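These are the structures, in structure tokens.
Each of the next two complexes has subunit A plus one more chain, namely subunit B in the first and subunit C in the second.
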Partner chain A sequence: MNLIELKGIQFGYDTQQVAILDDLHLSVNHGECHCISGATGCGKSSLLHLIAGELSRPLDGEMIRHPALMVGLVMQDPNVQLLRQSVGAEIAFALENLGTPSAQMLEKVQQSLRRVGLYISIDTPVEMLSLGQKYRLMLAAQLVFEPNLLLLDEPWTQLDNHGVQELYFVLKNLLSDGVAIVMVEHKPQAFGKLVSHLWQLDRGKLLAGLYLPSVPHGHKLNIADTIEIGTAAEERVRIAPHRFQFARRDILFRCANTLTISGGEMVALVGDNGSGKSSLLKALAGIQADIGQLPLSVLGKRPKLGIYGANVCLLLQRPSRQLFEQTVLSEMQFSLRRFQLPLARAERMLTELGLTHLAAASPHKLSYGQQHIIALASLACLKPKVLLLDDPFAGLDSVHCEKVWQLLLQLRHQGSAILLTSHREVPLDDVDRVWHIEAGFLQDKSQSMVLVDAS
Partner chain B sequence: MRVKPRRGFVAGKWHRLGGVVSETHACALALLLSILLSSAAFLLPSSVLWVLVTINAGLIAHGLLLKKKIAVLLRLAAVQFVTTMGLYSLFHGESQLLEGAIVVLRVLLAMLPGWWLSSTQRPERLGEVLSWGLPHQWAFVIAASLSLLPFMSRELQEIYQIQCMRGARITPKALRNPKNWPEFIYCVLFPLLIQLLKLSKQMAISAKLRHFGDAAKATHWPSTRDHK
Partner chain C sequence: MKPHFELQDALFIGFCATLLVVLKSMLRLKLGLSGHSMFLMTFFYLLCYGAVGRVGCITACGLLAGIVAMMLSVGKGGPLILLKFGLPAIAMDLALLMIAGVFKLRWQCVIVALVGCLAWASKGWVENMLAGMTQQIALTKFALNFVQGGVFAVGAALIVPTVLRRLQSHDLLRDHHKNYK
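The block that comes next holds the complex of A and B.
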């Protein structure tokens, strides 16, 4: 049964700009799994919202919806979709709106939870769930009203490998039940054989195949790469053995050995969602509350907000939050001005990144990837001694990822000590060392790998 | 992974009283009490404000017992105290400082019941109570706004910290100088407003896609299921 058919769809947000969907055709039937890839900002999410019937702007073309079509949509970040505080109430929200009698809700809610493999109490506060669990909760909140078309926006990006694996089996069961799935995804390989139709969105049109950007993977570290300043041996970050835990909470992880980062070193901190990576980064920046006194040292001092000036920089997730100036150039010059550093560094940085055309643009009108790069570049031009980055590649396509790597390699070359977090494995070729938070322990995995190799 | 549910809401305690008062009725009483206390903060004469202070101390103790955080509210009150006392001192001299302090106290006493209500009551239950007298859509918006308060305080703190690290002149010391106040607005409040607008738009989409407003009369997630 054909659920929805798009014929010659033309759609744009601004009449003065090129339409982001241009003469687009798509037909989705029961039990099919369509995967759409494409560059960041090319209109993939807009297409999902259009299929969901939620875009209010006018569009050209024809959209034929089956009368029985029921659409469920899970957006990229499940946090922004949460409307209630407990698991049961969150899932029951749609039932309330459909006028389902209260007496029937409990069974339907529990059934949906089981369907997505979440075996938790319906009274569990939503804030206690990991990101992967929240994603499945949002899926359950859609499945409870039995949609026959499910739309997923970049599930791989937000979930760790464990979360992706769990989602894989949930989707497999849904497809076998006849539910159709349309997902927007940079990494369709993660969902392997489930995908029946692979598309790439290119200049507003859907073409068969996977989007492969023509950007070479050229960021491998050259260990022999000389560091500009003679600071390679200077220890910048020291983490002595400790137990990392919030006040009145269970231990998040233990650190049994002393870990250090020196100038000109790039270290990746890898761990699953909710393992404590972001909290450790904030603790190193001196802004994490409720963790007491930990044996951490950055530039020889106990971390505290406001004592490092331009020497320690931190990029948190959703870096677009820090943008507030009228133009990209003034945004990048803000910190340079405050720390009395040469303003010309901002223009030089834009030139190096090939982004001079954005200098006069408003940072609020940029795409997600561009905002990400500008936020990072505004820190990079301070040439900090220590740079802490929380999941700097989240949600970026390979073009923007490559730009981030380019920036990081440049900073490493200039002698910065860099610690970046990731919920996915980072190849040892790309960084100097990899730390892992695994099974409740923080350890330098690269050291143990070297030991294994030696033995 | 199994998650151990946290018991913290007042509802369970009401049930233990013998099931006489349901969670929804408890929420209605809490809402009524909050409105009365907040109104009283402005209506009562200064001589009997101590009664309100005592009752609000009880609310704080209850909230803290349930491990709810009050630091942001107290910080806000401290900023308001410093600002108000500064302005009173500037315009009325030292003789009127006590009046200034009472004004700050009244504002704090008006805010505390709201903090207690949003900390101890579930938004869906508040929504149900509000829908007794308001259209369902209005009740949802009010309940959702209340549940946004913790998000707002977290975002405010993170954006403030990010901008401090970027060198913005918004540290407590820098903010003693009124010249730096606009920087706090541009660097912190403006991005916070943008985040809130984005979030409210996404929440609206999320609600709409889950059929919000479709039924003529919405039903409610039962509060008495634990008994059953």
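The block that comes next holds the complex of A and C.
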């Protein structure tokens, strides 16, 4: 008997919308690794939630579960899954619910932490972890109760290369132990030979093969374009030498040289999970607490919440944190109305991004990737002087990534200074400069990268 | 109407009842305005109806709130506080049996709120009559209470559809096909 079998599943969130899963068939057995790819918002995450038995909405079709099925699920945004305050308590939560004797818990918890490569104290507060570390924590919290079916939602997106490598070996061991894995992933290549079944979710059906949309790759600006925007080259962001640390904590990183971003420049900030990228961006936006006075300057002022108006915008790593209106269009128009800017910009932006079909949808019901692009579009409407973006490509397929690139290049062309973070290397062709947080140092590595490229 | 009464529905009824009593005991507003208690009561009862959408959910919420208030000694009614919370709830449920689906949600809320207020004012009228008040004064007091309570109740009823729409947009309502207009 299969671990789980889905026969002719038909499922939708709303009667007014097309069913996102339509006559879907899937059977998963011990030791199999299924990878599902598909366009942003096509229903991949919903399928995982459905398999996990977490969606209680009505559905058509048949779902046959093995009596011994034990499912572990790691969602795309691990924050929505976190329940407890400390790392140890979070992992032990499942054990407590399964009635595991407390004497056995400590060993199991520490074993799970080691399995996912998290070498931190079990007393570490969960809020101190980066998003990538939280993803690993949630993985540990699932592995601790030894599920026989593990569901993973876009691990490549949330983990840095080191984390993906560690996950690879964890999954390899799980598969050899007979655990089945179903993962949703835009980059199945990262898990190479582990994947035994490759699917693409297309119009509600699972088809064999990888989702490969045709992407017009023409986002690179030519030199003439770059010269045009030279007029906007006033200094917008300045980071003087400093040590970045939270109160009563170790130094996160040191910045030895002054770093600047001018108008019309796009800079990528690259570093591993937990290196301090998001904290630096929040500090530049003036919303990071517990870091004391740092020699940062944005638009000639020390960053402070509420002093920049529409001139400085920050895209958070968790887009759901900055979405609050009832429809996508009203969400995009909210800030335009507040700063008395033309409301028509919102509709124009949706048209440019090809997202007009989402205008009346609730932003809270969208997929992680769709929320990301809507949150970014809401900020881009304002045409800010400084745009701070925390992992803007998370959860997006190649088509939507391309749309975001186009949008960012358009903003750069209009004179915005853009700082975006990534836990993966960004090619110098795509951005003006790359800053790295590496081995505890924040530095501009563009010059050395250019030399390496030249040699 | 939903086919099954589910755990989430029961939890939401309990949540509304508890929050109603807790807010009432925490705020302890001495506004000197008769009927202001109808605001919170109407708001939570109608919210409960909008989210759970079953006959009897307001009564369950009202009786539960009454029991919690009685146990925590909230208000001055003693065991009779059960009536204070329960009577308007029962009246609202009965009204819904007759008008559910006839009007748009906004008007439905307003009518149900006024019926609840009528029951609340009637309770005061019966109390006054039992205390030996003349019929003329008791009726005048009843009319005054109804008008004052009605203002607060209608105020709360007008907020409820907006709150329901917001809950729906956050995917927090299980009856997701319903149009809260």
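Definition applied: the second predicted complex is superposed on the first by the 352 of 455 C-alpha atoms of A that agree within 3 Å, B and C clash if a C-alpha of one lies under 4 Å from a C-alpha of the other, contacts with A are read in each partner's own complex, and residues count from 1 in each chain.
In this section, a residue touches a chain if its C-beta (ideal position, glycine included) is under 8 Å from a C-beta of that chain, and two chains touch if they have at least 3 such contacts.
A quick note: this is a predicted structure, and the numbers were derived from the prediction, not measured.
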So, does A:441 touch the first partner subunit B, the second partner subunit C, both, or neither?
neither
Per the contact definition in the header, classify A:327: touching subunit B only (first), subunit C only (second), both, or neither.
second
Counting touched residues of subunit A, say whether subunit B or subunit C comes out ahead.
B
Should A:13 be classified as contacting the first partner (subunit B), the second (subunit C), both, or neither?
second
Check whether A:169 is in contact with subunit B, with subunit C, with both or with neither, and answer first, second, both or neither.
neither
If we overlay the two complexes on their shared chain A, which of subunit B and subunit C does A:364 touch? Say first, second, both or neither.
both
Touched partner set for A:99, first subunit B, second subunit C, both or neither:
first
Is A:121 touching anything from subunit B or subunit C once the two structures are fitted on A? First, second, both or neither.
first
Is there a shared patch on subunit A that both subunit B and subunit C touch, and which residues make it up?
364
Which of the residues in subunit A end up touching subunit B in this complex?
49, 52, 54, 71-73, 75, 80-86, 88-89, 92-103, 105-106, 119-125, 128-130, 133, 141-142, 145, 248, 285, 287, 305-306, 308-310, 312-314, 316, 321-324, 334-335, 338-339, 364, 378-379
Once bound in the complex, which stretches of subunit A touch subunit C?
13-15, 56-57, 325-327, 362-365
Note: in the complex, subunit C contacts subunit A through residues 6, 165-166, 168-171, 174, 176-177
Touching subunit A in the complex, subunit B uses residues 1-3, 5-6, 8, 67, 122-124, 144, 147, 155, 158-159, 161-169, 171, 186-187, 190-191, 194-195, 198-199, 202-203, 205-222, 225-226, 228
